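Got some structures for you, see below.
Same chain, two partners: chain A is paired with chain B first, then with chain C.
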Partner chain A sequence: MSTQKNETNENHIDMNTNNIIEIQNVTKRFPVGETEFTALSNINLKIEKGEFTGLIGPSGSGKTTLLNLIGALDIPSEGEILISGKNVAVKSDAKSALLRNEHIGFIFQSYNLLPVYSIFENVEFPLLLQKKSKAERKEAVMQALEWVGLSDIANKKPSQISGGQAQRVAIARSIVKKPDIVLADEPTANLDSTNAYKIMDILKKLNEELGITFMFSSHDSKVIEYLRRVITLEDGKVKNDETK
Partner chain B sequence: MFEFLFKGLIRDKSRSLLPVIVVSLGVSLSVFFVGYIEGMMGDMVDQNARFGTGHMKVMTREYVKNIAQKPLDLSILDAGDVIDDLKQKYPEVDWVKRFNFGGILDVPDENGQTKTQGIAGGMAFDMTSNNSDLKRLNIADNIVEGRMPKGPFEMLLGQGLAKRMNVKIGDQITYFGSTMDGSMSFQNFTYVGAVQFGLSVMDDKTFLIDIKDAEQILDMEDAVQEIYGYLPNDIYDDQEIEEIKNSYNQSFANDEDEYAPQMLALRDQNGLSTMLDMVNTMSSAFTFFFIIAMSIVLWNTGLLGGLRRYTEFGIRIAIGESKRDIYKSLLLESVIVGAVGSVFGTILGLILTFYLQEVGIDMSDTLGNSNVLFSNVIRAKVVPTQFWIGFFPGVMATFLGALLSGRGIFKRQTSELFNELGV
Partner chain C sequence: MDTLYNIGLSFRLAFRNIISSGLRTWLTITTLSLAFVMILFFNSMYTGWEYQGIRDQVNWEFAQGQVIHPDYDKLDPFTIESGHGKYEKDAHLTPVLIRQANIYPDGRMVPILLKGIPADQQIVELPTQLLKESKANIPALIGLGMAQDNNLKVGDTILMRWKDKNGTFDAQNITIAGIFETNVPTIDAGQIWIDLNRMNQLTGLQQEATYLLADAEYNQTTNASWNYQDKEALLKEFYELIELKRGGSSFLYGILMLIALIAIFDSQVFSVFKRQKEIGTYIALGFTKKRVTFLFTLEGTMYAFIATVVGSIIAIPLLSWLHEVGIPMTSNVDQSRKMGITVGEYIYPLLTPELFSKTVFWVVILSAVISYLPVRKIAKMNTVDALKGKK
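Moving on, here comes the complex of A and B:
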């Protein structure tokens, strides 16, 4: 693993390293009343660039907690989360936001599109945060919508499209900024089989063609079929780590 | 980015239209309340100034001591000289002569026997020439029956008194009273009209005659009971009046004559000082608490608006917006909503105030037995304060609500906000 230091841009992440995500001795506890609940216990994982990996396990096993930690939405109680060698837990809120904005995309179970904006505007939003020009935004948004096969409904509102289409829009939104990592939390949970397979086909294609690293949290067998690496969590611990 | 957020604000009616309506209503109530209080206060000052106290009033010192009795025998002699002196010292003030006196009115039947009789209060002012006092009292426009006196010894009655005396236009009315020197005074008048003062206490008890007739029946040529002073355009100014009063009284400080003139300000008369201070304090307190109450309502609106959007904030955080930027955008939105709501609310409040200023609410039935000079029609008054006062509850409270609700963005762990997405 090699990391390249950048003295001038603290938020710069060197993606030339093979291990894009390193989870070192991570424990996460949540206060519950006067006691604490241990959601993750001493997790150690390495995810290489371009992996198509899934965290599986029953509810409460710690899948979402781990995705939150990787996405810099939370900080571990103990241990370190390194994204290309940089510990993301010590970053300020603004720097964590920048990290998410530039390098990490999210796909949610319930799509979470902003209902008052059009499909185009929803996909455009991450690029606005990056202060891209209007022309750049338009080109990138249309390209992202083409990847998910929805360029013809750009002007529709989220309320006017189906669940499957909404999740494809969410995928377009997550990849429009060409992130290095996409974290997908139960992306097919609200979809029927046809749409679930369609979504996974798209994600697989994006992984292969754009080299985006995907990390899933799921217990859907349809998702598991596609995974190249399956990490099983149970009671906050890695029970099994299997590469197909 | 601003354009994007503004687009969202406009499209999401629950974020824009609804809060703007709530803010507008709250602000309009605040603005109207201020106008209503100002109207009531102004009306009370205006009515007293017009009919009972002037903005300031000059009498003899002895008269002042017995002012409640309105003693004619303690009136100002050489009234012309006193008025000339006042006009020279304070040329901007309109000085007018007034008489307020009591007597018995007797209406005879066709045989010359008393048909009706009653005690009444007389008021005399210069009503035959087109002078400022005639316009100020606005009697001509309030005649409900008959006409203004044109010749000598013609009388107007308050409409309640006219009804009680059972008189018709052209009837004779005999005045029984006393002169300045205490002699009996009798004089026949012709009833020419009934006036609606809009003040129950005057409608039921007052008759009006011209000042020359009063001078004659009271034997008071070149004497005057009270000299009323009014500031330009009849605009009441407590401070200016106090300055004039002090300077005028100071000029007679070394005069030991008990009949030397003395000036009283409006607030020195009829217990108005206490009443004005009390009403002022109460209205300020009411206005303050009302605005605080409205602020709490509007603050709550801002608070709920912020809380309702935690899901959206979670999405924006996940996409890569910082908490600080989300907080700033929330505050900016609250200022926009507050400002727009305040503008609409101020306009609405001013319209309501203007309507009540022009039309008023007739309270004559409720105030029928009142003895204070209070208008039967309650009116609001449009004042400059109303143009800005609504922005305090409107913008500040909405902003404060957003400020407090938005703090939750920082207080919560990012993952908690994120988890509110329901993922």
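Moving on, here comes the complex of A and C:
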């Protein structure tokens, strides 16, 4: 695990490589009682900048586990995950937090909005950790809300809006900081098909117009329709990898 | 700068989180503010009492210090007989001579302490000029307590009997020339003050004293074989008494404080358990675990911040007002004075900046520690598990 060369110039995203995500020989095991369960075994993948890619496969195949590893929310048991050429697993708590704050956006199945704050404040949240003036923050938030078509509900609370709207707020929050990658774990699982399509349309547009790399996990056919590259996982292994 | 900005952010978030939580929060804050107000109230009261007591005892009894005859012990009345002697004159010392005597009001025999002090003294507030102004044979001053106990009023004459230096009894009438009112019972109860010159004649003890009252310029060069005690040493017992009372009152607010701290602890345990998904979300959005721990600790500490603000809004005007009007001590005064405790009819609470800042400091620090204990767990939490909101 000697990656000293990658430790220099920590959070500067290297534009020279086209592979924004590189997964090298990644295995993830979870302790289960006395033994261990292998959730991912020897995964190798390269994701290029600007991709719109999904991990699909049955429940329990390891999709969420892999997304969590990419997002530096967890560390692999073996192998390396490189974001723009830098190993995320060896980063300190502070550095991986910074990586998430500046370069990675998350969209969760259950939205994960903060109930105490207004829609505006929820979207603004990631920017609070960055050195941005109030005016800059406001501009970025309003722009993000415009992208998802929710400018008019900025002052509402999460409890006052629908699931479809909540997921759009979560999308706005994930893109407000102009991240390089957005990781979306089953983003449509709690939505009806109208809202699912609406969400996918928005994400597709963000991918095309802002060049954000998207990585999904889903077993929803509505999501799969939109994907340009479909990586099928089964029992923690890549079973198929197909670009349309 | 960066850190400061971040602390400000955490404060804002913690404040938002806490004011959005329910009734329980406000109950905790109310309990904590009540404890805070009580701490300030009782301690200001005792500080006020202490301040008044020091002032009264210095002004009426101790002056800036006393130079005491080596054989005299004020706690042992048997030492009065021999605990006196010749002293060196010093412009900064005022002599007091004590003898035992008896008076006979209404035909009863009442043992008293006869005290001689120069009628022209100004070191203590005893109105000794009345002794000079009186034309009576033996003019005397007594305190209001003494007057009430023995049914005496100004102008009354009563028989007094005492021993002179040879041990033979003498008896003459004394005349009450004045009755003074003081909060210091140890110069009032069972005592009669007369002019020292007159007392020297009556007892034959010329140029003798039991103790000498010192002013601020006394430099301890004269009467070196006597025991000098400065006013702090003389006040030691009084200080101990106040500390004892202070300690007794701490039980009252200690319980409230304990309830509030337990409530804070409890809500922190609850937060860490119930808000795992929120914790995971903070981390996904770029918080470090340290920052989340800090935020949650701050939330718990926010109870103390709000409680001290609310408590101050109540306590500061209340105590300022009571400082003006005083708290009547009527029910306790007589009993306390019989026990020789210096206490006024009114106690004027004194909220000092030191007491205030010390109280705020301790309430906040205690709450911070209590808040931190349950949230330490966040550092060991698995982010992925937290995001799922599972245990």
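One rule holds for everything that comes next: the second predicted complex is superposed on the first by the 233 of 244 C-alpha atoms of A that agree within 3 Å, B and C clash if a C-alpha of one lies under 4 Å from a C-alpha of the other, contacts with A are read in each partner's own complex, and residues count from 1 in each chain.
One rule holds in what follows: contacts are C-beta pairs under 8 Å (C-beta built on N, C-alpha and C of every residue); 3 or more make two chains touch, one makes a residue touch a chain.
This is a predicted model, so every value here is computed, not measured.
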item	value
Chain A as common anchor, with chain B and chain C clashing or fitting	clash
First (chain B), second (chain C), both or neither touched by A:Gln109	first
Chain B versus chain C as contact partner of A:Glu22, first or second or both or neither	neither
Chain A residues touched by each partner, larger count belonging to chain B or chain C	B
Chain B versus chain C as contact partner of A:Asp180, first or second or both or neither	neither
First (chain B), second (chain C), both or neither touched by A:Asp93	both
Partner chain in contact with A:Asp220 - chain B first, chain C second, else both or neither	neither
Superposition clash, chain C versus chain B, among 133-141, 169-177, 223-231 or 295-303	295-303
Footprint overlap on chain A, comparing chain B with chain C	68, 71, 73-74, 93-94, 97-98, 100-102, 106, 108, 110, 112, 114, 116-117, 125-126, 128-129, 131, 173
For the chain B and chain A complex, residues of the former touching the latter	1, 4, 7-8, 11-12, 311-312, 314-325, 413-415, 418-419, 421-423
Complex interface listing, chain A residues touching chain C	68, 71, 73-74, 93-94, 97-98, 100-102, 106, 108, 110, 112, 114, 116-117, 125-126, 128-129, 131, 173
Complex contacts: residues of chain C adjacent to chain A	2, 5-6, 9, 16-17, 20, 277-278, 280-281, 283-291, 382-384, 387
Of chain A, residues touching chain B in the complex	64-65, 68, 71-74, 93-94, 96-102, 104, 106, 108-110, 112, 114, 116-117, 121, 124-126, 128-129, 131, 173, 185-186
